[in-house]
Structures are given as structure tokens and as C-alpha cells.
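Each of the two complexes below includes chain A, the first together with chain B, the second together with chain C.
This part shows the complex of A and B:
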């Protein structure tokens, strides 16, 4: 543990991942060369030991971003740096050993024909970790129990269809943790689960984070969840970051109208002090027809002339709040 | 607290056995599966035990009266050479079923391989393999098989298994195209599944993903399809043997039908000569078809509702 703490302090200057102007375009069939811009100039910094929330509506590109970080998604242009080194020059297998991913739907992310035991042994076999047989089994048992499947022997020979959603997601987490990664990208890890088991699965993740000093990315559409778990939050809209900062800054003092609108519709347990809801007009525009100027202006309650013509390409720093930035002309730079 | 069940690395064989038992009982639970399986068990036993069961060697013992009707000496009479027809049917079952099985396995292996490679790797590999596949799908089976079997007949006489081996290879090589089509489409949908992407995220190579995630999920389909193909390959063997491409030293049911035809058994009304092998072919083909459909209903979720 002490070693790891030391590591964090000495390399704190280089972020674990750094994303610069990342573009991911998907060609649209039979459109005569039109593309959907799933990511349209994303900048992001993921520091070591940090829990980073990536928040946005469905279709804003947040999952594409998560997949791109592990090289699971081909990129059109821009840079992804791992420890300061471009991802395309890095050994993908080694990166994937250090950085693991937990997918959204535990019903889909387990092979239906593999037992729980086989699922947690697989990553060890892929990377040749430990000796085949008893040694690997001991490691598999340990990660299953760390993920809250106790006693592991009771689950070992079961198939995914015999498990509940929460148990499946624990198997996915256990398999990811078997590689002892330093970082975990969680793509909506609990949104497919019943509310009653969400807290348990999140608790497992946060315990693992605390005990093993993991860096975490939480991709979610739930601002409340992001606020509860994350150190920093990046709000995404139509393939680009619109606001970044610490959780307190973004949630406590949102500067981008989109973040404000998202926050105002979070249900409050205290209906009396309900703020005025800012229901966004219209739907998330098509990624193949991104509006000119500020991409949010057609739905923005505060839009003025400049928003229709000028794209707030760089996030402006919020005065007096270190690290808090928003891509809005109303924020003074 | 109860003792924890032990975790061992060697649970695989036991699990495979349990799975086989489960599949068999599922086949047995449908009526057609039950009928098909019974037919196949009877004929398989007869074929396996034919060297013991057959009273005479139909390729050698020609001592009796020609085309004699059934009697206590020859339960199914004798053929145009004076050989025992019952012995011929038993030995013929062995050859017909062996060729059917072996050819279907070849077609299953090629079909699975081509289907998985073209579905998983895509691109120019897929286009090339699909073109070859198309070609095999559209060539008329019989003329092509006859040409190949005739051209290689002499050569094959020196092979172990003689012309029977040649028939196995020719039929196997000509019947995989449908299987590979089926497997390819299944692989196309499997490779988009999230567990395949998760395996990639774990660092798995394409070869690993194919072996551990794609193949195990297409094998049940290949299995069901291969059982169905056995009935086609048995028919194909009978056809080729009937037109004279069988191995005279290893007579199958098709060879018997050819001989019956040549000796004028049909014209003279010697039904005991041509009916037994004919009925044998029909029943075995029916058996494989029934079992094949029963398995298909088990492995294909879209057909599962039809089970009654």
C-alpha cells in the first residue's frame, strides 16, 4: 500500500489518461458520405487515483469515449495519451491489463455458456497470470469474495442465467479485478440494475477503490450518482465536454445552462424547496446534424446572438474557481 | 453451516456428461425425437454388430440358389449372386451409416470453420469465402459428384477404405455450404454481443475470442445441423452407389439396390432383394431427420415455443 501511495505522489503530474480533441465519426449508410459525429472534439484529463464522472444524456457519446480509451473504438482524429504516451504506440494488451472496463448490462456482458468460475479465470489465462490450476483458482475465489459473492464455492459452477443482475455485475467486477488493474472504466455500471441492488454494487466498487487505490471513471446519466461518488465531473453534450470541474463546483455552482437544466430536473426529496424546473425543449439533436455555433443553442434558455454563430470551442475558466471550466459565452474567461 | 462444495479444476468431464444426458433427455421428451432416436439406436446396433449378426459374408459366399425367396435358410432370401440378403443388409447398414456419418462430420467441420472465419474476420476474407460458398451452393450435386468420383475412382482403390473413403470425401466436400452460411450469420450476431467486447477489453486476442466465446456458442447449432446433414449424406451415398460408384468390396445399401436393378429383381418381382435395403435407407434417413429437428428445436430458441 505504501508503495502505491508513493507512486501516486511522484507521477501525479502526468495524468493516467489525457484526451485531446478526440473525434469519432461513424459513416451513415446510404447518405452520400454523411457522418455522425459521436465524439466531436473531446478534451479530458483523468488523473491517477481520481474518481471521474462523465455525465450526459443517452447518445451524447459518453460510452463511445469510454470504449475509445481502451482502444475498443477506432478514432477518427485527435489524441489519447496513456501515461503521456499515445495509445496507438502503446501495447494494447498491456493497457487493457492495467485498465479494465465494467459494462452497462450484466445480462449481456457474460458469456452464457461459461460458468462463474470460468469467467473469473479467463482474464488470468489470457494474461498468463499465476500457475494453471490451484493457484489461479485461489485468485479467482479471492476476487469473487472481494466482489461480495461469498462463499465463492457456492457460485463457482453456476451459469449466468442462474444469477441475479446484481450478482452478474459482481462477477463482471470480479473478473475485471482479477487482473489487479490500476484503473476501472465503469460504463453505467448500475443503470440496468434494480434500485435495491444498486447501492450494494456501488459499495463494492467504492470499497475496491479505497482498498486498492483504483482510479475510476463513472459513465452515467445520473448527476446525483456522480455527485455522490466522483471527485471530478465532466458534463458531455453532443460529443463534446461542456463543463468540467470538481463535483462541488459542477453540482454546487453549475455554469453551463445545460448542466443547470440537468440539475434542475433531479428529483428532490424535499418538494418544498423545489427550484424552478428547467425542462429542456426539444430532443438531443442528431449527431449527424450538429447545430452551428454553440451546439446547445437551439435548446438553451439563455442563448443570444453570438451563440448562433460562434462555437465556444475552448472551455472558459470560471473566475475564482480553480479547475472549473465551461464551454459557454456567458462564462467570463 | 454446511461444508462448502469443493472447487476443482477437473469439473469439465462431469459437466460435459451431464450436458449430454440433459440433451438426450430433451430429445427424448419430444415424440419425434423419441421415434427418431429409437430407429437410430436399432440401426446403429445392427450396423456395429453386423460382423457377428450376419450369417454369411455377402461379398464372398455365393453358394446358394440365385434369387431364392425368403426361407428358413435365408430369412430374406438370396440375391442375384446367390448371397444372403439379410447379411447384405446388415453389412450394408455399416457402410451406408459410416459414409453418412463421416461425410457429415467433414461437412460440419468445414462448414463451421468457413462460417466462423468469414463471419468473424469479415472484409475481403468474408467476401472471398462467401463467393466460394455461393459456388458450392449452386453447383448441381449429382453431376459434379459423379465426375469427381469417376475421375478419382482408380486412384482411390489404393487408399485405405478404397472407394468408400473417396465417397466420404466427395460427399463431405460438397455438403458444407449450407452449414457455413448458417454459422456465418450466427457469428455475425455473436460478435456484436457485449461479452465479446468484454473479452476484448480483458485483453483477449481474436483467436482466443473465437475459441472461447464464438465456437462454444455456435457448436450446438453446428451439431443440430450436422445430424440433419447425415440424412442427406446417406441419401447421397446411396445415389452414387446406385449409379455404380460404390465400392464392390464394401457394398452399401445403394450398392445392393444397384445390383437388384441390374439383376432384374424389380422386373421378376424378387421384392426381398430390393425392399430391405430400400426400407433401411428410408428409415435411417427418417431417424436422422427426426432427431435433427428435435435437436434444432432445443438449440434454436425461435423454434422452442413450437415444442408441444
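This part shows the complex of A and C:
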């Protein structure tokens, strides 16, 4: 905060969040000191105004990463920078006001014993925003309507169980937007919703982004969604990014064999687009037994000797593609 | 209709005719949640049933298995299964009679495998129970051999059959469910959102497994899901359901190339395709109608982006457009190039 003036000159280029070699390890009970490495050296940049997709299978660490960004998850080592400043030095309350989180299951975020109105007023009260009474209520009404719950009066006194799944997720989004955040971290925000409702909720999010210049993270396993909505995509495997770049680079010209395999199995509604499916055998290995060498090598169709012994620790730049990087020995720097 | 149900063509395994499923509301009125549904499933075919929650797709499946909850009944409908050992009129069977059919001729794989498996019972005992139910004379060794064979089909080491359901991951549990569904050598397997809770790679594994089993064992498959891209990958023909009725039916190839019902058009666009347009398709506004309060005209009219005056006034019939395709829209077929 003391360097505010200095910050102004760098704001345009300083990412909103920067993550360097982030590690989050969980001790395993009664294992004699073994740990699960949920995050195992994550590097990531989230730029202002950007829609960033974090893509991977369950258990790859993508939700842990989302929580770590907001200081909701203790980290083992590595750095998280907010506006270039270490998160540990930042005022977490202020960060959580500026960056809100939307989870997959609206029930996880809503208090079943609170009315819709109370849910959107609560964050305002906690952060002491606006005057108690009419001012806060006006703000609450405005965010509910912006989230598509119109007229807000019809929903104000209802309880979560009286709403549909899509309406509940809109309440979550409205409560998150009440603090006028700069950014939202959305963890599988629509995967629990029905098909038509899903599109409605996505439209709400994208409209908010367009009108308020929000930065967004979409944590998802849905590559189609990432392709349609994200500016940049980071593909995560077993606690680490394996490929990053613009959506066109990562989806249009994937370089990591894991990204290629994921893309080949995404069901396509256009049968003629079908590429040969590269179905990986087995499951994501346990985060307490991360393979040596390249962590992907036991499932990789292109693995060779070096992959079994050497860890492609840094993301190598793909030649001729600015910003496109992959952690694979087959990608030459 | 009768003891002498007309013979079905040999290549048709299942014939559903004018099926309705209803409940009585507080005022004693009949409320239909499935209404006039007819379709056939051919031998060896994978048939898809798609639509939003509440459209009647799962209720239809439960009717095929004789598993409707007691609050529901069938005002109309015939369900004929052209089984290898003779025609079965499922709609006439009592619960006792259905026990001869369920699992042995028609079986089901549910969405949440954990709900269908008994958590305190070894997997081998659960599958063994199903086998013994239909082959009372089978000895212990026969059961073990059969379980090993079933686990071989679904790609799990036979030794793991001694484990409990919670010892399996989500994908593995779904494989166990499939083994259970195959235990009594059914001719038709119904999968109700069998991959919805799974990640994309696990989903691909399970869908591939179902495809392999269908081919190797000569099964017919009904796949129920809201994800039209999953059906595109696995099915030969699909029926799109809306508000208890079939809105459109046809081969995957034709229906996806040129969806004729505006609902199908929007449903197809709802799942952005990798490599497709980099934008969100327009959402289908609103919610499906309350079954107790259906619109008088076309049931989709209040949400339709191409609605005309006639739509609110008159309910369209499901009209055949060619041998394979039918759509419940006054304006089908739409001129080429207008189906957006």
C-alpha cells in the first residue's frame, strides 16, 4: 500500500495474480510422514480483464489452486503475488473483497436458513459497505437483477430450498457481485446445472464480465466451455501446469500429449469432426505417488527414455508461438 | 390389445407404443409426465433418449423396467420386448412377472453407482445374488466363474470382486455397475446418465466400454442423457424429449446435421463444441412447463425463439419427415440453412 504510486505505473502490465512454484502438500494420516502433493510446482499468470481457463481432471489440484489464490488454503512453499505484492503481506480481507469465488454447488455457498435478501446483504454488512438500511437494500436489489433474478422483490424473501438450481447459482453470483469485485474465480460453476439453465448462468457471467470488466477464472473439466469462453487456458495434470497459452494455441495446436489426449476424447456433436480417440488407460495417479521423471509418462503414448528419469520442470516455449508453453521433452525451446 | 400381439419384425427388440405415465394430483386429476411416447429399438442398436431434467426420459426408462414408483400409473401404452425366447408384453406384467424380465432381459446402469450398490456388501456377493436369482441351480464355482468373466468384460481384475463399493473410484464403480447389469445376460441395457458424474477421460473409457460390449455381446443399448454430444459419439438414433413428449426423433447423422425442432436446435448449441464458434449460443429462456399446467398449443411455444401465432393455438403432431425422422413442429421441415 505504501508503494501505491509506484504501482500505478506498472498496473497495466502487472498481472492480477502471479503464481510461482506453488506447492501445497497435505500430510497423510498414519503414513509415517508421507504427503500428498496437491500442488507441486504451479506457475501461472492471471492478467487483468482476462478470462483464464484452468482445465484438468478431478484430483489434478485445480480447486486447491483456486482456494490458495484467496488465501483459503495454506501453502507449503512458493509465491502468490497479487498486483505484484506477496499474498502473505496483503490484506486478505481486502483481497477477498476484490476477488470472489463461485463454487459448483450453490448449496455449498448459501445459508439454507437465510433468505435471498439476507444472503446478498451479508457480504455488504461484513465489509461495511454502504449505509445500513435502504442503501444496502438498493445495492442488493441491483445485484440480484444483474444476475437475472428479476424482479428482485419476487425472490427477496425466499429461502434457497424454494429456488431451482439455476436460481440458486444466480443468488451465489449476486452475493459475490455485491462487493463489486474486480474478479471472480468460478469453480465448475455450471456443471451441476441442467442444460438450458447452464447456458443462462453462463450468459449472466459473461455479461457481467463485459459490462464491468471483470477478470474471470473458470475452473472446469469441460474443454468445449473453455474454448468458447476463455482467452487463455492452462491445462493442469497432477498438481502442475502442463500446457499454457491462448485458447487458439492450446486447443487449436495442442503440444502436450496430455492436452492432445483430452481433446481427442471430448465428445463432439459433429460426428465428422471425430479424430482418433486417444483414451488414456487407468486413472490419475494418487498425489502421494507422483511418478518420477515426467509425471505423465506412465500414461503417455509418446513417452521415451528421458521421460522416465527427467522431470520437464519448466514449461518450454513453443517455437514461433508467443506465450504458448508446454512441459514436455518433445517440445523444443 | 391382446394376447395375440402382432409379431414384431425380427430386427426390432423393443417396441414402445403410445406410452403415458401419470399421477393423480390433489384434485384427483390425471397429470401426465410422459405422454404418448412411441419408439422402437432395434437389435444391436444404441438408441439415445435426451432432454432436460423433468422431460420424462428417466420415467420412460423406469416404465420399461417396471420400476415406476407406486404413485405413478400408466393410462395408456404397450411395451413389447421381442426377446430371444419369445415376445414379452412388459406393460401387462405384474411385479412378480417383471422379476423374470428385469436384469435377465432388460437391465439398467444408473447415474450414481454408489446409490445402486449396497455399501456394506462385497461386490462379489451383490453380483452373485443377481446371478443366483436367475439361475437358482448354479453352484458356487459357477458363480465365481461367471463373476470372473463379468469382471473381464469390464476390465477389472477378478480379485477385486471381493472388495466393497467404497474401495472403488467413481469410474471403477461405474464398471462394477455395468458388470452387475450384465450378470444375467440381458438383451437390452439402459444407461441413465451413466457418465454424467465422471471426468472427460473416464467418460471416454466408459463409453468405449459400452460400445465394445454392445458389439461383442450383441446387446441393444438405450442411453439417457442431457448431453447431446455424448449421444452423437455413441448412438445410432436419438429421440429428443420435451415436456413428456417426443419432440424429434431420427438418426444421429441426420438429426445433428439438420435439427428440425427449434428445441433440438438450441439444445445442440448449448454444449459449445471444441473447434466450434468461440461464443456462447443463445440460451433457451425460461423453464419447462409444469406437467399439471401444459400450454394448450405446442408445449415448447412459450420458450421457442421461432414461435408463430399458430403455435400457441394448436398443438403440433409428431409428423414423419422421412422414413427415419419425425418432428413435433408446425414448420418442420425448415428451409435448409435456417435451422439456427
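Just so we're on the same page, the second predicted complex is superposed on the first by the 322 of 333 C-alpha atoms of A that agree within 3 Å, B and C clash if a C-alpha of one lies under 4 Å from a C-alpha of the other, contacts with A are read in each partner's own complex, and residues count from 1 in each chain.
The criterion applied here is as follows: a residue touches a chain if its C-beta (ideal position, glycine included) is under 8 Å from a C-beta of that chain, and two chains touch if they have at least 3 such contacts.
Since the structure is predicted, the reported quantities are computational estimates derived from the model, not experimental observations.
On the superposed chain A, the positions of chain B and chain C stay apart, so the two partners fit side by side. Once chain A of one complex is fitted onto chain A of the other, the partner contacts of A:74 are absent, as it touches neither chain B nor chain C. Look at A:175: by the touch rule set out above, it reaches chain B but stays clear of chain C. By the touch criterion stated above, A:261 is placed in contact with chain C alone, chain B being left untouched. In the superposition on chain A, contact of A:194 is made with chain C only, not with chain B. An angle of 80 degrees, to the nearest 10, separates chain B from chain C at the C-alpha centre of chain A in the overlay. By the touch criterion stated above, A:153 is placed in contact with chain B alone, chain C being left untouched.
Judged by the touch definition given at the top, the superposed model places A:101 against chain B, while chain C stays out of reach.
Of all Cα pairs spanning chain B and chain C in the superposition, the closest are 18 Å apart. Shared interface residues of chain A (contacting chain B in one complex, chain C in the other): none. Residues 4-7, 9, 11, 15, 193-195, 197-205, 208, 212-213, 216-217 of chain B are the ones touching chain A in the complex. Listing the residues of chain A that touch chain B in their complex gives 67, 70, 72, 92-93, 96-97, 100-101, 103, 105, 108-115, 117, 122-123, 126-127, 132-134, 137, 141, 151-154, 156-157, 172, 175-176, 179.
By the touch rule above, chain A contacts chain C in their complex via residues 57-58, 164, 194-200, 202-203, 206, 221-225, 227-229, 247, 251-252, 261-263, 265-271, 273-274, 277, 279-281, 283. Residue ranges on chain C touching chain A, taken from their complex, read 52-53, 169-172, 199-205, 207-208, 226-230, 232-233, 252-253, 256, 266-268, 270-285, 287.
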